[in-house]
């Protein structure tokens, strides 16, 4: 924990506030349950600002309550003409100066945090991971350039290390947001690249959102950040590098599925290696938490998706009814066999039914 | 009385009267009715949004329709409801408060209204012609430039037309306030409402041109193949964001400042005290307006402007809390030591203070650039801006309407019903929007058509929806009140609140169409109060009774605006088929022809003769 | 005296354009409008400056622009500003005929300017294939310069309309403010042009 | 209609005429300077003067020219232009902010 904030934490108000706020929301989703460097830094900043605001609000409300209780016009006193006060220099100075001080108290950590989160000093250093993030309507692509692998929808990172993200968009503006471990940053089409970093403290599957309106399925553009220990992460990289797109699946239907897939889908999708970029890389598909970011990973759902992606994610770029339902089932068999790495399998997405 | 006369003249004549009127009081009525109608439409859209978000995975409306709904809700509420309602109050009150007989440019005043109305109608026609705009009220490129169909084209043309109307209105009020004040009404004697309209108009003057340019570029990109926002040809999507927010941030102060002014007048009237710290209030208003131009990029903290720019804009934004705080405390101390009378207008104003303070404080939290990485584009932001907009602007409009209704329509709105409308709206408001701050932080981005089961967001959203229904009930009671008052209430006096302090309360409710029989002489701040304290009945005139020069009515503002409306359709559809260029030429022809007519035909106005005035005085109009 | 009456040197207010309340309102309102126009053109200039590097190939500012034509255009417009000053000088001296004459000269100069601008655009399109749609730079260039050209066209039509309308009846307190603000508009057009030739052409040539 | 005109004595007329002539002289002088500045600006670019200072110099020349237009040709120097100046400077300030933004943080 960063020094000065640690001391503040012990103060009663902060303690109470922290307790109150962290009661809100669900682990690994909520910004109020920080599990990473960025989110924790920002949570602390929020606490400071909320404390200041509560202080101000209490004062305003105290005067307010007093005035309303004390100075109501009473029956029979309608004729009284109160003193027509023009103003009061001393008071006016007070309520100019105190807010300025309070704002300075807020401004300093704000500027610090702003620069802290924009820090890129270790990017490119030996052993520091950088992932290229591309936002597409309505899915995310993650390229690990140095490792020569790419994934979609799920980004794997090692815990307790800074992972830099170089972010772009291929079509319209999106925004990459993982409330539980970092803030958000827009991905923009064109020449502009943004950079942010992730640092997760604990292993886990963290919910990610697209936060910039990007079309009808903007609200369905989820992704996952999967934080695993550095050793497991290395294992995962190796597994991913070893994916052989040509590998023959075990069952007969899956083999037909593979053929169908290669004929119909490969123009947009890739299995392992670098990605074509039109559609998600399906290399490790069977290990996905969700299909297309939102559906539970069952065969039924997968067939539904393959035949009618437009009904599940309105406006998305994958054509409907490319293949018949039977063929889709075969392709599904094939895709669900694409289980090339079990890293992260033991981590479950936190989710509480209400 | 104009309305009484009108009733005798039959419906056709009344309509013609309103189509051609250049009287600021009637234009105020027009703004009120059309702005009110758009508020109901915008509110209906809000209800649909809330119903869709009532439970997880809801499919009350489709994803595409949802985006149209939020876009039209935001656009309608800001441009077609809040702005015109503010203009309604401005028109009704400002000339009276400064002791003028009309605004500086009565003709342009009417033109401004019709441009707004036709722009608004054009925008809403999109619902029936294949889809409303769907890229959010902020209309970010390239989502907007690539949006299929014509929705965004309607957005561009509709806002361009109504924006021109607003700009005209702004200039009009600036000149009115500078040039038309009654003798003795120095700048530092102007009522605070007038002051804030002055500052607001300045903001309009400098903010709207940026939107105009942005809309032109958007129009060129969508309709004529230019490449401003097309990255394929070297364009840059961020230019739109900057242009939009250079306009957009001042716009939110354009919305709130006039109501700050109205609250100042209301607090002082119903506390029976002069405004505490008048000069500080004026200074704070000007300062807010000034700072309002230096903070726009706080809407773009996550765009990647870099830490230096982010920090500068963060600190500049926070600075606005200081002048706003000065205002809050001055209002509190205006009431301090006063005789607070709890009318409906006062009730809305009292409710405004805590509500707006919460909204302002969440604003300052948003201004902490780094923390905005968490807040941005979540329901936290939605919570913030509804707190300031509904808790500030909407409450302010309700308060102002209650306060000035007698001056506009000659009857005091029923107080009981007024308070009855207040409570469900007030409670519903907090229910709807307070919880949204938490929803945002718990991981609910804004503009989400659905949220999912198991994200812990269901309860909060349900509460929010229930609140929205309460607000609807409040609104409906307010509407009932209007009807009830029109039918049942009796005619109001010149000064129905008894403690009126400013000039508008010195003349009958509603005023004769020349407002002041004789221009009043202003002898201090709160001129009417000054006279009252000297034991006088009314204002001392500054001029002898004489002929009054008044402008002539004209249909040209209507035809000019109609022309732009027609041309608007032409521009939108010429992309599909050049035959629509006919509409462009016909519309522009009508517009330019009407403008030329206006320019070449002398319009010298007419005089109301001294004899008629004496007649009116006998009937008790002059007082 | 009513505002309809023709002015003659015996009964002349010092500033005929500001002698009536209507005149003063017009005067002030128009100036405020120019304040807004400043922001409008600034937005266009900003956009141009942000995009003038996005040329997508050959047609860069250095490559396209020739300074001779622009120099002549500048001289024309500057001179037209002076001639409209002369017109206002005669207005203040209530010499209607001379005012009309100088306004006529102003219009002629403005027309020449506009003609050359049209030629310039034509030249770029046909010689270089440089259009509104070729690149973001193209869009920004034609929009900025075209907006100015549109202002010139509007200003010319306005002045001509005023001249024709008042040809017979001469100067009075009702139309004096109209002439005055039309000339303000014309000066403002020149102001914008000063920035256009500096920012677009000269700075474009420098690179 | 507010009416401030009334017959004036001849000498007054003459006085005003002289004033106008005086002003006109200034304006012609201003015009001369503007032409000069323009020639300097174009000359600097055509003869490719040292390009280190050239852009700031060009901008300064333009600003001075514009000030001439506003103050002399458009009479902002005369009295009764206070509010005019407020609004023009306001517009200029917003304009400056806009242009600074578009030349600095657009491409970050």
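Going by the order they are written in, the chains are A, B, C and D; count residues from 1 in each one.
Definition applied: contacts are C-beta pairs under 8 Å (C-beta built on N, C-alpha and C of every residue); 3 or more make two chains touch, one makes a residue touch a chain.
Note that the structure is a prediction, hence the values are computed from the model and not measured.
Centroid analysis (C-alpha atoms only) places A farthest from chain D. Of the two chain pairs examined here, A-B and B-C, the one linked by more C-beta pairs in contact is A-B. Separating the CA-averaged centres of chain A and chain B is a span of 37 Å.
Each chain gets a centre from the mean of its Cα atoms; for chain A and chain C, those two points are 53 Å apart. Annotation: 34 Å between the Cα-based centres of chain B and chain C. Centroids built from CA atoms put chain D at 14 Å from chain C.
In chain B, the residues touching two or more other chains are 174, 178, 205-206, 210, 235-236, 238-239, 242, 246, 304, 306. Across the assembly, chain C contributes residues 2-3, 21, 28, 32, 35-37, 39, 43, 46-47, 50 that each touch 2 or more other chains. Touching two or more other chains at once are residues 191-192 of chain A. On chain B, the positions that touch chain A within their shared complex are 62-64, 66-67, 134-136, 140, 142-143, 146, 231, 235-238, 271-274, 276-280, 302-304, 306-307, 310-311, 314-315, 318-319, 321-322, 325-326, 328-330, 332-333, 335-342, 350, 353-354, 357-358, 361-362, 364-365, 367-374, 376-378, 438, 441-443, 445-456, 458-459. Residues of chain D touching chain C in their complex: 1-8, 13, 16-17, 20, 23-24, 27-28, 31, 34-35, 38, 41-42, 44-46, 51, 54-55, 58-59, 61-62, 65-66, 69-70, 73-74, 80-81, 83-84, 87-88, 90-92, 94-96, 98-99, 101-103, 106-107. Partner chain D is touched in their complex by these residues of chain C: 1-3, 7, 9-14, 18-22, 28, 31-32, 34-39, 41-43, 45-47, 49-50, 67, 70-71, 74-75, 78, 81-82, 85-86, 89, 92-93, 173, 184, 187-188, 190-191, 194-195, 197-199, 202-203, 205-206.
Every residue of chain B that touches chain D in the complex is listed here, in rising order: 174, 178, 202, 205-206, 210, 236, 238-239, 242, 246, 293-294, 297, 304-306, 309, 549.
Those residues of chain D that touch chain B in the complex are listed here as 1, 83, 87, 90-91, 93-94, 97-98, 101-102, 104-108.
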